[in-house]
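Per-chain residue numbering starts at 1, and chain names A, B, C and D are given in the order in which the chains are listed.
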Amino acid sequence: MAKQDTIAMILAGGQGSRLGALTDYVAKPAVPFGSRYRIIDFPLSNCMNSGIETVGVLTQYQPLELNSYIGNGHSWDLDRNSGGTFILPPYVRQAGSTWYKGTANSIYQNIPFIDSYQPRYVLILSGDHIYKMNYAKMAAWHESKGAEATIAVIEVPWEEAPRFGIMNTDENSRVVEFEEKPAKPKNNLASMGVYCFTWESLREALIKDEQNPDSRNDFGANVIPGMIDEGKGVFAYRFDGYWKDVGTVFSLWEANMDLLERPDVMDLRDEMFPVFSRNYQQPSHYFGENCRISNVAVTDGAELYGDVENSIISSNVIVEEGAVVKDSILMPNTYISAGVRLERCIVGMDTLLEPNVRATPDEPDGTENFRDKLCSNGITVFGPNLIIREGLALKGNSMVWPNDAVRVPELVAERYPSWRKEMGQC
Amino acid sequence: MLTDAMGLILADNERIRLGKIDEPRSLAAVPFAGRHRIIDFTLSNMVNSGIRRVGIVALTRYKSLMDHTGTGSWWDLDRIRQGLFMIPPYVNMTTRRPDRTDSQSIIDYVESGHQEYVIISGSEFVASMSYLPLLDAHLANGADMTMLCVREKDKYSAPAVTIDVDESGRVTDVLVDHPLPKSDLRAVSLVVLKRDLLLEILQDRMARGYSDFSALNLLRLYDLLTVRTLIHDGLLFRITNIAQYFNASMALLNDEARHQLFSEEYPIYTKVKNRAPCLVTPESLTLRNVLASDGCMIQGNVENSVLSRGVVIGRGAQVRNSVLFQDVQISEGVTLDHVIIDKNVVIKMGVRLLGQDDYPIVIEKNAIV
Amino acid sequence: MLTDAMGLILADNERIRLGKIDEPRSLAAVPFAGRHRIIDFTLSNMVNSGIRRVGIVALTRYKSLMDHTGTGSWWDLDRIRQGLFMIPPYVNMTTRRPDRTDSQSIIDYVESGHQEYVIISGSEFVASMSYLPLLDAHLANGADMTMLCVREKDKYSAPAVTIDVDESGRVTDVLVDHPLPKSDLRAVSLVVLKRDLLLEILQDRMARGYSDFSALNLLRLYDLLTVRTLIHDGLLFRITNIAQYFNASMALLNDEARHQLFSEEYPIYTKVKNRAPCLVTPESLTLRNVLASDGCMIQGNVENSVLSRGVVIGRGAQVRNSVLFQDVQISEGVTLDHVIIDKNVVIKMGVRLLGQDDYPIVIEKNAIV
Amino acid sequence: MAKQDTIAMILAGGQGSRLGALTDYVAKPAVPFGSRYRIIDFPLSNCMNSGIETVGVLTQYQPLELNSYIGNGHSWDLDRNSGGTFILPPYVRQAGSTWYKGTANSIYQNIPFIDSYQPRYVLILSGDHIYKMNYAKMAAWHESKGAEATIAVIEVPWEEAPRFGIMNTDENSRVVEFEEKPAKPKNNLASMGVYCFTWESLREALIKDEQNPDSRNDFGANVIPGMIDEGKGVFAYRFDGYWKDVGTVFSLWEANMDLLERPDVMDLRDEMFPVFSRNYQQPSHYFGENCRISNVAVTDGAELYGDVENSIISSNVIVEEGAVVKDSILMPNTYISAGVRLERCIVGMDTLLEPNVRATPDEPDGTENFRDKLCSNGITVFGPNLIIREGLALKGNSMVWPNDAVRVPELVAERYPSWRKEMGQC
């Protein structure tokens, strides 16, 4: 029973630095998404819906929140006797110790873990993509092709193709060339960062890669190009559904908004392919006596007394009467006071906005002092665990960092991170 | 630190009927406050009081209760030696009738724990509180058993157990459903006593041929034993008839009452489900004073109402002063006022249902209206 | 990869009586092989066959079965949407009799799963095997349902269901407890069929007023439906009377049989308990050909016997050819031969109990002898 | 609910190098003990029996086996919604990354974790002691004394006192002096390595200790002496039961033998204070047709066909007919072939002894080639995952290391670590 046909390894160790203040204390996969989810819910739910019962989660950067969130995998039915969920941090050996050097090295360091399940296939997944995919179908396709590696690809608009890793394939879907961010793409099939490997082949490739001192030990940059160069059977598996890399502030905002604008494309209500998440114990949410609400996704524990339009509201959010929130994402436990006006904002967990704080793309008297190159398209980000003082006004493309509590204490203060408490509650 | 008491919850009460909503399920399993059920409150109170062993006596219609409580994990009661115990009646092979009395199965449960005290709770009230003050009062007053009671401020309505106490606080009289009770003290079926005494009482009742068991049975021992009371001042909803149920549901729309019932100090746990977030659609609509839950899809107008999980409100619908259970579908153009609608009901296009303040209309589970 | 079938285990069989050992518990909950119970084998077989949804129909005496199965976690069946489902009878509030038939509760369970096939297992056999060959045979033979059977090599003993098949392997006759069966093929109540067909059969039976359900019911449809068989060659113990139970227990002392039943390929899961290691005390004693379990304390002589958890064998005792259930205490100087002793029994100092090969003595649960 | 009155932190990161080959691949707390336990079962069961519901386990060295064993703490009823068991490895922060420098530093690095529970008291426990103790009583005593730190002490024979940390106390049990391994002890009250701290005081002491560049960041060497020197309220709590540090080969052997020789002192059958462990799915154990067994502790899954005397037999052990095992410890999944003769041996997990291997304290023709200074009192250790070839004969005080498979391949070979499979099984 311990033997598992297919196991999944989720790469969740990256720092996610393009999300700025949102990943200051937490790993990117633990960032809240879509009212009641975290980003990692998507690959974990995919595993569950694909019948995969053993999942390793490779962590390294700020893993406490992520570890607490995942727990033993129970929320995704991944707390199995034979297998289940394993958090795999780097560790000290008799021979010494190293942190994970790259995505491929993190898997290399866990070869004994994978070996212990004697799998035929190993899925390598990213912890920072939003999509629903049946990996079992991909593994079956991989098997039918007799492939050594299969890379899931998705058609992207031609003009965006230069931002992706592009797969050039022959008529049999075999990858003949892999181009990382090509200036002139020959193709618009982009790698989704979802790989299925025959374990024997991957094991060999990882050991080889580790011996190459020039390698960055990265799947996309080294291992897969290496396998293609050596003529291994590398195939591209076409995926048609919704897929989004939420690595930047703008793409994170966009993907959230897609839930409101394209609920049919990213169907969270599909009973046959549910997305599971850790459920906290909250009362039902409440719409107040004088609130005005339109086009909103909201979850239990929230209380809305103000005006909320076209926004994503997470658990335990409070919007006071007289506040106006538009085109924004309020992460769990944020508190929006009366007189606040937000447009195209992302407010990090546990942050409190005092009365009359304003942040819109074209605030007439907003300060330029918080402009940040990580923000674009008029989006403003408030980091987590902050108190934003009355009177702060921001133009779009701003970011309020925890460090601002030191820089401009009259405008920003730190707030006790009550999510820690919440983490323990369920 | 843990409390030296085990809990015993009586999921049924033969004297209480809540319209049609407790027909398909135990009283304890009746939905309340959107995503909760009545039992969530007393179960959470026990856990929040440091109790780690809780038995639930369910005589009948226990399927939805068992679905709800599951392994007890939602209340952190999935434990190796302690935890949650379902105490269903035993059924005989040939006759398929219960062949051991309820009391015997309760005795088995109580005997197998080692705590010194037992806190027994009925399921006809809703409150959020610690039970430690009751235990402390019991330790201090030296009585054989101590029972919670409330002073009824509102209009008297049966069923109700009225008690009288002497100047020392000892129970001196117990009146059941008396039309003109002389006291405003109503018993709440929450009682603490020593485990050994409970066993003695249960065994004595068994030997005398009584097979049922309720908090009222215990209270009626007031002339043989010393029974004292603790008067509860905080928020407590008695749910002994459908009007009380409806009024309690409406009371939750008040911020103060809701925040008292769902406080940070005493969290109320319930079974969680992976429903999508509630969606309120783009159209401009009236949405005021509404308690709603995950999985809802609100496209019509809702006022002063409680919506459980997965409720769908169609375009142009008008829902007022109503309580809608899980997965109720309100079609386009429906008008509802003072209605309680049970699980999975479909209200067809254009239907109008108007109840009265003190007489809400109740629509049965799975009905199509 | 998971199998597209759900499991349904029938914990009782009204035609079978195992002396006194199935009086206090379902047939499925009868202890076997020391630390296991009969249901462990079919449950593990299902899990080992990639089945992740299993319902257990228990009509009566289900307390010890429920204690044993718990949340299903021991079989990795504590799952959010799939997993283990107990299907107890419903009990009516007023009469306290089951107010919905067994068939209805089975229908509810079967309907709520989405798998294409159902594998139904009775509890009167013990084997360690994958059920996939049965499913594969069913897919290949095109029958409406496919049932396992064995060729009985030993002496015929009732109760037994004898079947006859034609040259194509289709069941042509079913004889229950016939004194002179013309065939050596005995039905084993393990059957696979499509979920939709099962629902149809159950609904038809309901409509005709039949409320019970068994594998035999299905088999008897052989003239209406195509029923084919798969003959099982491997180790399989039929447990339909106490002599078979005793002989199967003794057979486990054979290394080969034991290693077939407990193989690495098909692990048999059971409820685990935190008992201390078994202790064999310093005194020199005879201890040969014994299956013993955690928590035992062996101070006397034991031969050719099976000891469940927590059995205590006193000094100078002589235990031969016996099966001792959990926490049995054998006092000093006791002599036992061909005895089956149920849970918690105490055998007092110096007692001698001698049964016969084909007629073992059975001592009831909790007895003091 | 997330607030916890008392939480426990178990130090499980040490390498345990004095156990030699037994801790080559596993952290010391994961070493098997007493037929069906691992060493860490004792502090974990103590927590459970003391009503402590939040336990952090600090790991660093070879944690995979330990992590798998602990899982989510379910086996010890420590899988709680509010709290539960947390594996706490070192990790990378925005500011950089460090491995745990010492016991005190490992707690220092996890101050945010502890803070999140706002505990009044924090227990610091070792993962390598065998004892049954109600920590709740100790915490209550700590509270009654108004102590800042309480150190559990046990009376040891005067002649052994120089091997321990010795507490000199006043008549009020207050520690006035702490001597680490004193040549001339004034006292025979030895520290058990079990500390109860008022969190506020410990937090302060840890921050102070971290700022001291000369500190080894160790509780025994730095933090506690520091608190005594500063006149903090440090008290000694007397413990009377069985307690054993199993840090050496001989003490590990002795503690195992105590279960057979003094079952009354270390009562594993006490229903009111049970020791829990992870239970694997095994059939009942079997005593063969011609075995001779006396004074043996044995657990399910074992099959004994040979002669076994005065020994500890773990899960899945097979002793063939014609083998003789005396005064020995056979760890899980060991296989003892016919003709083998063992006396005062410890055989590591998954090791197979081929026919006629012999290891006794005074084997007449045994080789000196495996003598090892980690062994004493005639004890011989076979490391885990080995195949010991027919014909090897060892005198006492020997140790067979995994590395011997390279050094003397004719005598020692590696065996596939099937415990990995077992780990997954339950």
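FYI, contacts are C-beta pairs under 8 Å (C-beta built on N, C-alpha and C of every residue); 3 or more make two chains touch, one makes a residue touch a chain.
Since we're looking at a predicted model, the values are computed, not measured.
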item	value
Chain separated most widely from chain B, comparing mean CA positions	D
Pair sharing more residue contacts (C-beta pairs) when C-D is set against B-D	C-D
Whole-Å gap between the CA centroids of chain A and chain B	40
Averaged-CA centre spacing for the pair chain D and chain B, given as whole angstrom	48
In chain C, residues with contacts to at least two other chains	74, 78, 80, 267, 269, 274
Multi-partner residues of chain A (each touching 2 or more other chains)	1, 79, 81-82, 276, 425-426
Residues on chain C engaged by chain A in the complex (per definition of touch)	1-2, 47-48, 73-74, 76, 78-82, 114, 267, 269
Chain A contact footprint on chain B (complex, rising order)	33-36, 74, 253, 258, 261-262, 267-270, 272-274, 276-285, 287-295, 302, 306-308
Contacting residues of chain A [partner chain D, same complex]	1-3, 15, 24-25, 54, 59-64, 67-68, 71-72, 74, 79, 81-84, 86-87, 89-94, 97, 99, 112-113, 115-117, 417, 420-426
Complex contacts: residues of chain D adjacent to chain B	1, 5-6, 51, 77, 79-82, 136, 272, 276
Residue ranges of chain B in contact with chain C within the complex	12, 59-63, 66, 70-71, 78, 80, 86, 88-93, 96-98, 274
